[in-house]
Each structure stands twice: as structure tokens, then as C-alpha cells.
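What follows is a pair of complexes built around chain A, which joins chain B in one and chain C in the other.
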Partner chain A sequence: MLAQLIVSGLVNGSVYAVVALGMTVLYRSTTVVNFCHGEFFMLGAFAILVSQQVLGWSYTASILFALILLMLFGSLVERLLMRPLQNAPHISLAMMTIALSYLFKGISRFFYGREVVPLEPLVDGGPIELGSVILLPQDLLVAGSSLLIVLGFFYFFQKTQAGKVIQAASQTPRGAALVGINVPRFQNFMWGASAALGAVAGILIAPSTLVYPDMGAHMLIQAFAAMTLGGFGSLPGAVLGALTLGVLENLIGGYVSSSLVEITAYLAIIVVLVVRPQGLLGEWRQGRG
Partner chain B sequence: MDKSLPASTGPASRGPRVRYILVIILAALLALPPMVNDYQLFVANTMLVYCLVAVGLNMVLGYLGQLAFASAAFFGIGAYVAGLSMVHLGLGSLPAILAAAVCGGLAGALVGLPALRVRGYYLAIITLAFGELMRWLYVHADGVTFGSGGFNMPGIALFGSELSGTGKYYLFLAVVVIGVGASALLLHSRYGRAFVAVRNNEAAADSLGIAVNRTKIIAFAWSGLITALAGALYAILNGRVSPDTFGISQMLMHFVIVMIGGLGSLAGSVIGAVLLTGLPELLRNFPGLEEIVFSLLLIVVLFFMPKGVGGFLSSRLPWMRERLYREGRGNA
Partner chain C sequence: MRKLLSTAALVLTASLSVAVTPVSAETGVTADTIRIGMFGPLTGPTAVGSLPLFGAAAVYKDVNAHGGINGRKIELFIEDDACDPNKTISATKKLIAQDQVFMVHGGWCSGTVMAIKPELARNPQLPYMVLGAASAAISTPVMPNLFHPIATTNTVTRTMLDFALSKPDTKRVAIISHSDEWGKSHINPLLEYMKTKGIEPVESVWLERGSTSATSQLLKLRNAKPDVVLAILYPPELTLYLRGADKYGIKAPTVTTQGVSIEDMVHRVGNPAATKDLFVFYPLSSTLDAPEFSKWVDMYRKYYPNEPVETLSFMGMTGALAIVEAIKRAGPDLTREKVIDELNKLRDFDPGLQSGPLTFTPEVHAGITSGKMIYWPKDHAEIVATYPVDR
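Entry: the complex of A and B
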């Protein structure tokens, strides 16, 4: 039972990792904490739903459509709504992302109301037994894709020229601008990439949960919890925190009480911020926030 | 604009004009009930409730400059404490309202504690978690709170007689006048001026001998008290308390009211509450439309009226200027 709980916790945690990574990347590059990231996650799932069930496209085509759409969405949000406010107080920036979060939720609720819609699984097949642990092919796909995405991100940031430019621009935007890096364009790209990461998580999780307008709200808090656990703003911390949270939720649900699962994330946030605000891996700095 | 904080900025020192206008408004409010029907009276009562909410949230968001998401939680605490103390303990409505205010103040001080350690986004996240935790508690402590279905309020009596809509109106008006008036006095005392000093520059405030931690706790506690007061009135007005009322969409309503009214403006808070309370009534029958309209309004205000209606008015009408509001980025 313990092994099963840990393994399925890691599967859940890997989805949190993709969401938390998307938020951390944006936070690192723009110092904006995006309260509408949960809605990017929700819109990813809805994009699949609409292209499959309304337009009748195949899974592959819908996934491509969702990713491109959300990438476009993210950069439009940056260009039209966030950039004009870049010199505004930080409360205004936070309020803008909060407004967007409700706007997206309202739009999807306007069309889907209180419906909860199921999606077909991404892969078929019976459960796979590995010793005492039973996994669905869907779980393996989710964990595998998340792992690939996370590794790809780290490779991009640490090893490629473009990744290093991005790191430079997020450390000192002004310095980067002085040596000729187009900082606004890079921030625009990061909004797109972050939205696409949110969409990936939505696409991965939608078949095993259901699709509904409020699905992003809880995920946002789980991503916050993952980031806080790992250390706010640290990329490896976000991944580690997400996996820890996934396992923690399952252990508490399995051994203590299943009604505590939904508040594990809240408790984690409160305990970590009060006891060890820098989290597991983070360097503690009172940022611009 | 002069850059020093004037020594005496009590409401009375802003000239007789403001005083006359306040008296006229109050007289108009007192004369209102006979002129409106029951439904309009209900909307007026809701406006009174949200005036308090806006003033309570503005205390932390506007004056102290801290991004906190707890006002829906304070609102809920007020409603639950008032309702449950009437149901379980058989308190009358006035003691129940007082109990709600006290518990709200305590909850505010409790939420203020992490604000001593964490700031900005960290505070936003921890207060968000607090609000959701409270909601979980309302659902799962069902022995006391009646679980996810909520409960109905007992009849509201004051001095032995059942309160009608008009009676509620005068009760609410009295509570709101006291709450907003006390907030204005607090803001113009040395404690209130300390809120603004801490917002503008914590280190500078500290070096001037302002006890930063105590200031933050006072602001949070007062915000909790005022918002819980509003929650108690809300429960009395609607006669029903249930957990899903105090979720994230309640929070959006609070934010929009304060942002439209203007951060750091008491007059703006009241104006924002009056402007926005009618809307949900109009949009009730369309799923999602309320969220769409509110969020679009918030976006428009952020773009075109960053200081809200209060800031806009005080730039046109000098006598409306609230001296505590200071332009600048603040530290939030």
C-alpha cells in the first residue's frame, strides 16, 4: 500500500510540477506572480475539448491546436494587458492577473455553465502491474511526458545559448537591455511559454479528471504550495516541491483521512511560510513583491 | 502637493463643506425607507454591507499596502460567528454582531502575524490558503456549522420586536456610520498615519520610531473587525449562511469594489460599494456573466483610472481630497 501511494503520488506530483514550473519560469523572468495560471491550465483542457467534440479533430491535432492557441494567448496577454502596466504598482499587476483569471473562468462558464465534461483517455489499455504497484497506461504517459518536459526545460535553461540569454535577462533586465538583449520580446516569449506549460498540464490531467470552469482554481493553490515547499522562485525547487506535495497528499489521504487531502496544500503553504519561508531549496530574498 | 504629513487632518479640519455634505447625505439616507419598495430596500441594505467590506479591505490593501486575500474569509467568519451564536447560544442580534466583530478582529490579528514575516506575494498566497482553509472548516466541522448546506438564521429581533426590512435598514445604517466613522478617526490618528508610513517605506517608518509590527497587526485586526461586522450584517440581511458564499468569487467582488473606489480612499470605498452592488442583482440569471463583467470592469479601471473613482474625484474636486492618500509605488 505504501509503495502504491508513493508511486501514484509521484504521478500526481509530476502534473503539479509542470504547472509550478510554468509559474516559476514566469516569476523568474518577469517578477510577476500569475494568478491566472490556473486558468491557462483550464483553457488547455477546454481547447482540447472544443477542438475534439465541436470541431471533430483528432487527439494529435487538438493537442497541437491547444498548445499553439495558449502560446498565442499568453503572449497576447503580455502585449495587450501586462506591458502597458509595467510601471504600475505591484498591486495593480497582481490585480490584472486576478481579473484575467475571473474573466477566463467567466467565459468558459458562460458557454459550459455547470456542466462537467469527460474526455477520452489519451491512451487505452489495461492496468500494468509492477510488483505490488498497479499503474494505468494513462499514469505512465502523464509521468513520462512531465519528466520529458521538465528535463527539456532544464536542458534549455542550463545548456543552450538562448536559455542563458533568458537567465541573464531575468537576473538584471536593465543590464541585459544594455548589452542588446530585447527584454520586452523575451518577456513576451516567456508569457507564451508559461501559458503553454499550463496548457500541457491541463491536457495531461483532463482525461483522468473532468473538464469544468473551476478546475484551475485548486490547481493554482497546489502550484503555489509546490513552489513554496520547494522554495519560491527556484526551478528545481518547484519540481521537488511538486513531487513532495503529490506524495504528501496521498500519504495523508491513505493513512490519516481522505477529507484532509484537499487541505494538504493549504496547510503546506501556511506551515512552510511560517516555519521555513525559504522552502527546501530556495534562497530567501524579499523580492520586489 | 506638499510632501509632509500634516499634523492634524481630522475629518473636521477639511472645511465646513465636507461636513455639510456629510450631514445632507446622512439626512437623505435617514429619509430613504418610505420612498422605496422592499426590493430597493434590500439592495440599499446590501450596499450598506459592502460599504463596510470596502472600508475593511481598503485598510489593508490601500492604507497598509499589503496584498492580502483574507477579506472573504473575514466576511465569512463574521457571518458564521453571528449566525451560529444566535442559533446555538441564543444570543440576540446586537450581542451576536458584537461577537462577530470581536472574532473578526482576533482573526485579523492572527492573519496579521504572518505579515510580520512574509510580504508581497508570499502574504497573498498564505492569506489565500487561510481563506480556503476556513471554507473547508465550514464544510467539515458540520457538527457546529451544519456542513456544506449551511443554515438558516433565526428571526432577527431587536429590543423584543421582530425586525422588518426598514428596521434592518436603520440598524445597518447605524452600524455602517459607526464603522466608517471609527475607521476615519483611526486613519487620522497617529496609528492610521503609521499605516501609510509603513506602506510608503517600511525602513523609513521604522527609523522614525514607528513600531512597524504593531502597526501591521493593528491594521489587520481593524480590517478583520470591520469586514466581520459586514459579514454579520450580510447574514442577518439574507437570513441564510452557507460556505460557498465566502469563496473566491466573493473575493473578486471585494477587490473590484476597492479598486474601482480607489486604493486608500474612504469616500472611494463607499462610492465603489454603491456603484457595484446593483450589478450582481442584474446579472444573476446568466452563468458566468457576473464574473465577465466584473473582471472587465477591473481591467478598465486598472488601465484608465488607476487611482479609482476616489482618486479621480479628488483630482477634480480639491475639497474631496483625502490627505492620507499619497501617490507612489508603495512597497507592495
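Entry: the complex of A and C
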């Protein structure tokens, strides 16, 4: 049971990691805490649903469509709704993302209000037994895809010129602008990338959890808890926090009480903020950095 | 003087016009209409509860299409409460004070119905019929103006356990449930009933709404080696559970509440092996495709052609039919008091829709006390009273 709980926790945690990574990337590049990231997650799943069931497209075409759509959507949100607020206090930016969260949820409820719609698994196949651990092909795909995405992002930020420029621009926007870097364009790109990451997580998990307008709310809390646990703003921290949270949820549910599974994320946030506010891999920051 | 005479003439004319116009003394009733207020979740995550509202509304529309009741047509005032208790309280106040309805028929979520009980107590003359909410606490203890025409959680959980124990050699019963108000409204009567049978659950786990994984719960259930699992879950989480149970090799049959419909679950889970041993409490008399049930399906489709036809679509109809019957029996001189009296006299009311007869007495307003189970063995639904041992 222990091995199964840990492995399944890692699979769940890998989805949390993709969501948390999307939020962290945006936070690092724009300092915006995006409360509508759960809705990017939900819209990604709905984009697949619509392209498959309404337009009749294949899974591959639907995934491409969903990623491009959400990338454009994230960029549009930045250009039309967030950029006008770029000099506003943080609370205004946060309030805007909260308002957008309810708006997107409301729109999807308008069309799919009472629907909880199933999606075909991305890969078929019966359970695979690895000793005492049972996994579905879908689980392996979720964990594998998440791992690839995480590694891809790390490579991009650590090894590529564009990634380093983005990091520099996010750390000192004014300095970056002075040396000729188009900071708004980078920030616009990061909104798009963040929305696409949200969509990836939605696409990966929707075949297991079904698609419905409120599916993003729960995931947002898990992502916040992962970011807090790993260290707010730290990319490796977000991933480590997410995997830890996934395993913790399962272990607490399995060995303590199933009624504690849902509060594990909140407990993690509280404990980390009290005991180690910078999280596992984060650094102390004062104010906006 | 002329001014005084004019004023007197006006007053006299006004008085006479009031005297000769046929005015009903009862709120919400005119010479040719009866206002009925309805509410339910038309939007939001529980908007599936709009289906029973449409079913009930179809009954009223059909009554109007056939001439109404005692010469009066039913006029519906429908409010969306989104299963939010605050919105339900506002909707009920609006229906009573602003729309001046004769009676109210609504409530899909138990929490919302519980929230308006104080308002109903303040308006003891107002007849109120529950639409689909099942908590036994709604109608126990009895409130004189509140009538509960669907199987309560007491009836549902007793039926579930009796059905589970009808499986030969069943001793080990496990439970998976939500821990919210809805879950507790089932769990509490279930545990009490289990106690009377001398049974303790071998495992009891919680799965919260919105969960994306049920691994720890599933592994605990698997370790408990149950003969049967009683699942008190909403459709998304039941889907998660059934898929996981198949993955982890939990072979015990799953018995669940009327909160889901079998057709919907078979479709959602998308894996026949995971749903072939799923048994759902069934509140209707026949399967939806049975010839004897086509009357109700046709009625629903006639007035709501674009809405899905599911078990839930018919759960509000029995209450609507009981209201129509009581208004009919109350006669042309319609009052709220007479309707409440007639509802209290309704015995073994069986229009061929619900799984058991509806009976209200002044002492008992939980009108349905029996139910059956339905399952999907291969390619169609079948109703069963006991576990099908010949499977």
C-alpha cells in the first residue's frame, strides 16, 4: 500500500507541478499572482472537449488547437486587461484576476452549466502491475508528459538566451527596458506560456476527472499550496512542492484519515508559512523584489 | 358642492366596481389562474437539478393544455436558486411577497430547503411541496404546510442496505461518502439502520467534492475486502471511484443513491466493466424505455424537447401530480387551507410514475417509503428488488 500511495501521489503531484509551474513562471516574470490560472486549466480541457465533440477533430489536432488557443487567450488577457493596470497596486492586479476567474467560470457555466462531460483517455489500455503498484497507461502518460514539460522549462530558463533574458527582465524590468529589451512583449509571451501550461494540465487530467466548469477551483488551491511549500517564485520549488503535496495527500489519506485529504493543501500552506515562510527552496524576499 | 358630489360619485363607482368584479379571497388565485412558484438550480455546478423542475413544469403545462383545473390555468413563476441557500431564501421571499403565489413547489438541494424552513414557518398557510431534495430532516419532524413527495434519505439508505444484504453471504459492508451536508444526511440514517441490523462498516472513507484522485480511499477499501460498497457520492466523484475501483481490482458491487442516474453513469465512466456491478436507487416505476413509461417521456419531450431525458427528469413530476390532484379535489372555491387538507388525505396516490405509492397523513409528510434498484448489466437498464443472484 505504501508504494502505491507514493507512486499515485507522484502522478497526482506531477499534474499539480504543471499547474504550479505555470503560476510560478507568470509570478516570476510579472509579479502577478494569477487567481484565474485554474480557469486556464479548465478552459484547456473545454477546448479539447469542444474540438473533439463539436468539431470532430482527432486528439492530436485537439491538443494543438487547445494549446494555441490558450496561448493566444493568455496573451490577449495580458494585452487587453492586465497591461492597462501595469502601474496599479498589486491588489488591483489580484482583484482583476479574481474577477476574470469568475467571469470565465460563468461563461463556461452558461454553455455547460449542468454538464459533467467525460473525455476519452489519451491512451487506452488496462492496468499495468509493477510489483505491488498498479498504474494505468494514462497515469504513465500524465507523469511522463509532466516530467518532459518541467525539464523543458528548466532547460529554457537555464540554458537558452531567451530564457535568461526573460529572467533578467523580470528581475529588473526598468534596467531591461533601458538596454533595449521589450519588457511588455516578454510579459505578454509569459502570460501566453502560463495559460498554455494551465491548459496542458487540464488536458492531462480531464480524462480522469471529467470536464466541468468548476474543475479549476480545486486545482488552484493545490497549486498555491505547492508553490508555498516549495517556495513562492522558485521554479524547482514549485515542482518539488507539488510532488511532495501529491504524496502527502495520499499518505495522510491512507494512514491517518481520508477526511484529512482535502485539508492537506491548507495545512501545508499554514505550516510552511509559520515554520519556514520561504518554503523548501525559496528565498526571503521583501516587498515586490 | 359640485366637487363634493363628483368625489362621492367616484367613490361610489369605485366601490361598485369592486363589488361586481369576481375577486377570489385567496392569494395567488383569480377567476382563471392559479399562481405556483417554483425554484431550483438552473445554473451552477448543481444545475442538473433543473431537470426535475422541468419535469414538474411539464406536468403543469400539460394540465393547462388540457383545460386547466376547475377552469383555472396554472401560471408558473420560476426562480433560479443555484442551490445556494441565500439565493433560495431570496427567491422564496420574492415568490411569496412580490409574485403573491398560491403555493410553492421547489428545492433540489437539501441545504436550501432546510434554509427556507423558517420562512415557511412564518407563512403557515402557504402550501409547499419539495421538488427533489431528499434529506429526511426536511420532513421530520412534520411541518404542517411542507410536503415531501420523494424518497427521503431514510428510505434511500434503508433500501440500499436491504438490497446489499440480499446478496448471498454479505457480511462486510464498506462505505465511501462525501462529508458535506448531503453526505451526512445519508450517512447518519444509514449507520443507525446498520446498527439495528447488528452491522458495523468494515471501512468508512470520505471522498470530498472536486477531488481529482481517490487512491488512498480506494486502497483502504480494497484492504478491507468488502462484500459490497455503499457509495454516497455525486456523479463526478462516483465516476472517479468506479474507474479507480476497476483499476485497483475492487470486485465488490457498488450500491448508490438516487443522486445519480444509471444511464448517465454508464456514459460517464465509459467502461462497461466498471459499471456492470453498479446498483442505483431507482425512484421510478419502470425504466425510461419501457412502453408503460412512454406517457411520461412523451410529456417531458413535448414541453422540453431540448433537455436530456434522464431519471432525474421525472423526479419532480410526482409532486406536481399530487398538487394538481389536491387542487382538483379542493374544488372551484380554492383556498390554501383546502389544498393542505386534501394533501393530508392523499392515500396510495399512484399515477404510475414513481416506484411506490405516495401517501400523506397529517402525521407523516414523507410520502414515499419504498424504492427499488436499477443496474446496467450489459446494454440496457434493468430494475431489481433484490440482488440478482443468477448473474
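Everything below uses one rule, namely that the second predicted complex is superposed on the first by the 288 of 289 C-alpha atoms of A that agree within 3 Å, B and C clash if a C-alpha of one lies under 4 Å from a C-alpha of the other, contacts with A are read in each partner's own complex, and residues count from 1 in each chain.
To be clear about the criterion, a residue touches a chain if its C-beta (ideal position, glycine included) is under 8 Å from a C-beta of that chain, and two chains touch if they have at least 3 such contacts.
These numbers were taken from a predicted model, which means no experiment stands behind them.
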| item | value |
| --- | --- |
| Which partner reaches more residues of chain A (counting touched residues only), chain B or chain C | B |
| Which superposed partner A:Pro236 touches (first chain B, second chain C, both, neither) | neither |
| Chain B versus chain C as contact partner of A:Pro184, first or second or both or neither | neither |
| Contacts of A:Ala217 with chain B and chain C, given as first, second, both or neither | both |
| Contacts of A:Val15 with chain B and chain C, given as first, second, both or neither | second |
| Partner chain(s) touched by A:Gly163 [first = chain B, second = chain C, both, neither] | neither |
| Which superposed partner A:Met1 touches (first chain B, second chain C, both, neither) | second |
| Chain B versus chain C as contact partner of A:Ser259, first or second or both or neither | both |
| Partner chain(s) touched by A:Pro137 [first = chain B, second = chain C, both, neither] | neither |
| First, second, both or neither for A:Ala88, with chain B first and chain C second | first |
| Residues of chain A at both interfaces, chain B in one complex, chain C in the other | 109-110, 113-114, 213, 217, 259, 262 |
| Sites on chain A touched by chain C in the complex | 1, 4-5, 8-9, 12, 15, 109-110, 113-114, 116, 118, 120, 127, 134, 136, 205, 208-210, 212-215, 217-219, 249-254, 257-259, 261-262 |
| Sites on chain A touched by chain B in the complex | 33, 81, 84-85, 88-92, 94-96, 98-103, 105-111, 113-114, 213, 217, 221, 224-225, 228, 232, 259, 262-263, 265-267, 269-270, 273-274, 277, 286-289 |
| Contact footprint of chain A on chain B as seen in their complex | 61, 65, 67, 114, 117-122, 124-126, 128-130, 132-133, 136, 140, 248-249, 252, 255, 259, 263, 286-292, 294-296, 298-299, 302-303, 306, 329-330, 332 |
| For the chain C and chain A complex, residues of the former touching the latter | 41-51, 179, 205-208, 210-213, 215-217, 219-220, 223, 235-236, 239-240, 243, 247-249, 267-270 |
